[in-house]
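There are two complexes below, and they share subunit A, which is joined by subunit B in the first and by subunit C in the second.
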Partner chain A sequence: MLPGDHRPMLQRSFVFMLLTGFALVTAAPLLIAAAPYESTMGLIQKIFYFHVPSWMAMFTAITVCGVSSVRYLVTRSRSADRLAVSAAELTIVFGLIGLLTGPLWGRKAWGHYWQWDAKLTTALVLWLIFVSYNLLRRFGGLGSERLAAGVALFGMANVPFVYWSAHIWRTVHPKTSVVMTLGPGMRPAFYWSAFGFLLIFGALLAARTRLEALRASIDEAYLSAEDI
Partner chain B sequence: MIPSGGSAGDPDRLAFDAVSVDYGRSRVLSRVSFACRAGSLTGIFGPNGAGKTTLLRLASGRARASHGRVVYGDGGGTPSAAMRGRIGWLGYDPGLYPELTAAENLRFFAALHGVADPDARVGEALDRARLSDRAGDPVGSFSRGMRQRIGLERALIAAPRVVLLDEPFTGLDEVSSQLLLARLAALRDGGAIVLLSTHDPARIEALLDAAIVLRGGRLIAQLPARPGLGAAISAAQDSDLASTAGSSGAAPGAVADVAAGAPQDAVPSTAAAPQAAPGATIAAFLRVAGLVAHKDALVELRSRELALTTLFFAVVAVLVFAFSFVADSQATPREAPAGILWVTTLFAGTLALARAFDREHAHQTLSALLSAPVDRAAVYAGKVLGLVALLAVVLAIVIPLVGLLFEASFWRQPGLFLALVAGGVVGLVAVGSLFAAMLVRTRSRDVLLPVLLYPMVVPVLLAGVRGTAALLQPVPDRPVAIMWLSILVSYDAVFATLALWVFDAVTAED
Partner chain C sequence: MQAPSPGTAPVAPPPASTAPPAQDEFVPISELPADEKLPAAPLLIAAYAVVWIVLAVYVWTLWKRFLRAEQDLKQLAGRLPPAR
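And then the complex of A and B:
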């Protein structure tokens, strides 16, 4: 028996998907293209509109994964576990976007694709923790969901270190306060892009969680067949 | 009418209420319902793979029901720490440390269970096992039957009220089997709920109050005590259409007693009952952590396995680095000794962590440890203490070796350097012990431990390397070293607290 609403994903979430698509389609050609060039970085600064929102989506994914993992450890709720594993996979996706777009900026700004400074290193480590989470889920066998929940908690505990690293240590990476200093012409593009990224995160999370729920219902069907 | 079980909190009934256990897409136990009263002995029978061990593991809290529930007296679900102390479990492996003597093993578990007058209790247990003359011999030198006898005493050391025995006659000679039968009768007459699995119904037929027959995870027969019970059990096991009275498909909440107990004599549990709620205070926490650390130290002093293998590995790692970097000593970066020292510590620490928990798992002693009625975080703290001490011994040799091979003056700021080393080792072991413990029952654990651990301890490595490198400068850079030390301390505080908090939840066997 499939859980909940049986209509296809796109049909059930038509309005949400439409809004997501609209946000993403309009962000790049309209708002980002129309935003003014930054005086020193020029065109390359426009990576900012993808780079920062991708990290925002990743931190949201980590928070969802961490909180769901706590809920799973306390209540053993299977839906919490499904949400955690879905969010963990999206952490990899959005983290990868951040890790790929950052060096493009760095090459122009610092002359190198990568610098081993605190912000970059801690961000990479955080991403690696969630790669290891997914490896554990993939290869850990039965019972690995509980162990992975512990890993997710440790991963979530790293988030403040990453966020504040540019403030605590002297790093080449801009501080998080740079968002607040954006020129008036850049703000609509940035906030709209961030909104779009969070929407696509929500849409992917819903789809991935739904997939896990369907997988669980298939498992349940197999188990029910054994009882006949 | 069966009187209530002995002391406060003792369950007078153990019930399986439509329990199922699923492993992935496989249902290994399917809607099993039955109950046993205090003062009864129930046999669980069935072919290999029938679900006997899973059923016993469920009752012991080592497995969790996917559906339905196990009810202890009036309470259901996973047994609490106090209830764990009222359950005695003997699995296929007796759950003993081979390096420790029979007396040390029993004394350790008696202390862990908070047994009053443990020495007297251990003496009685050794007498019952007929091994008083071998009390000072390491358990590793015992035969299978002798270990089984000591294992049984380990399971019964705290006078449990629920006794769960998985194939307890394994390895026993005829005399020991007869003594075990007498012991089982005494336990039942003393008011305990006894559940045991065996392939030999004829051996215990006379003692049984009831028999449960399983096949393919289903309860196919519940048989009350009667003449010819052994033959009936064999017939049920062989038959495809056995009696299913009160078996699969029973509605939750309607659990019939399959084994009503005999009237109880004076219950002996109070004489050696665990003290109330050990682990509830800081003193109890420290006591348990100390017990576990002391036990680990004793095991290591006897075997020297971890110390020698870890030290050898660390020395070889340093030499490999030396061959790689010291071909031209002028070309060796000033920070190289710091990096080599910390990478070696990380590698050697991983080896020690993996082996320490593998060893516990191989002898089923980790399971026995985690089943004790103590705060599991205290067990974790004890393991951390033991491993920190072990790495301290290894580093006492590795640090001078790195200093010698790379002409590094680590000791110009000894206080700061030692603080950095201590902070780094505590951070590595605090996180590593948690991961090693939680991975111990996982397949691919050899690969997964470094995969999970290394990203998590990168901050330890960075702070250790940078802080140590600051001290290796021509003029030691104290402010930078202190800054990295403060990061290490913050890391240790956050992650050790998190590990203490989460250890119980992620390492529970259910």
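And then the complex of A and C:
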């Protein structure tokens, strides 16, 4: 059987999920505009509605990558490895959104785009760990899967430090508890946006994993065609 | 006031400072001068544009990689013997 026989069904579901996710993110500004202004920051606080969801999607991607890497190290499952490499790529995408939108808020709130404080620095280091994971997978050659899985575990172990850094150390970054203390008028916009981001993440992960599986099948089919 | 002694150059008075006096008390944002206010709307719009641009570029690269894989698939189909 040639690889990609189930592609049409997957492409349909991918396109459907992606459109739904984009529709949510497109509709989010309406809810965000309707949400009340935060009393001290005013309009600039509304960056929060897509800055925080992008980190939620990134942490989800890291968890998927880390758990899949453990599964790969234990069972040598190729599908787990494909899921890990796909999630690692999405970690970079959603991390980039977080790292770019945060400084835009900081410019107004702090007067500076960037501060080398614990929260921002640990977040940047975490993102760079997954950049290194992807570089390792791309240029590491044969056998880099196991080493990359170790890097993914190291990255996943860093997540609690990034999450709790604003509580442990003195930083200029707001604490993570701000999400739980949102006013009732702000919650619909935030949860809608978070759901949209997670849906886009799910759609992109499904498509990226399928692409990885398709490539693996093509490589195997090429090898078997050479044997004929 | 003591008169300058003969043979010494007169000392020039210090230039008057044009900078506003230092502010050491709370000033509400609404009372700041216009050139000290940083507009929030361009930053907010830029942040939203970042979300769209990053996602759109990633989807585009993903689509290109799918197309390349499909091309490989077609080439592969040409190399395989026809099914009986």
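Everything below uses one rule, namely that the second predicted complex is superposed on the first by the 206 of 228 C-alpha atoms of A that agree within 3 Å, B and C clash if a C-alpha of one lies under 4 Å from a C-alpha of the other, contacts with A are read in each partner's own complex, and residues count from 1 in each chain.
Throughout what follows, contacts are C-beta pairs under 8 Å (C-beta built on N, C-alpha and C of every residue); 3 or more make two chains touch, one makes a residue touch a chain.
Because the structure is predicted, anything quoted here is derived from the model rather than measured.
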Identify the partner contact of A:G143: answer first if only subunit B is touched, second if only subunit C is, both if each is, neither if none is. first
Now for A:P29: first (subunit B), second (subunit C), both, or neither, which partner does it touch? second
Tell me which partner A:Y222 touches in the superposition: subunit B (first), subunit C (second), both or neither. both
According to the stated criteria, A:W105 is in contact with first (subunit B), second (subunit C), both, or neither; which is it? second
Does the superposition put A:R208 against subunit B (first), subunit C (second), both, or neither? second
Find the residues of subunit A that appear in the contact set with subunit B and again in the contact set with subunit C. 222
In their complex, what parts of subunit A are in touch with subunit B? 73-74, 76, 121-122, 125, 128-129, 131-132, 135-136, 139-144, 146-147, 149-151, 153-154, 157, 161, 219, 222-223, 226-227
Given the complex, residues on subunit A that touch subunit C span 2-4, 18, 22, 25, 29, 42-44, 46-47, 50-51, 54, 93, 96-97, 100-101, 104-105, 107-108, 111, 200, 204, 207-208, 211, 214-215, 218, 221-222, 225, 228
Show me the residue ranges of subunit C that touch subunit A in the complex, using the header's touch definition. 38, 40-41, 43-44, 46-48, 50-52, 54-55, 58-59, 62, 65-66, 69-70, 72-73, 76-77, 79-81
Could you list, by residue number, the parts of subunit B that touch subunit A in their complex? 20, 22-27, 30-31, 64, 431, 434-435, 438-439, 441-444, 447-448, 451-452, 455-456, 458-459, 462, 494-495, 498, 502, 505-506
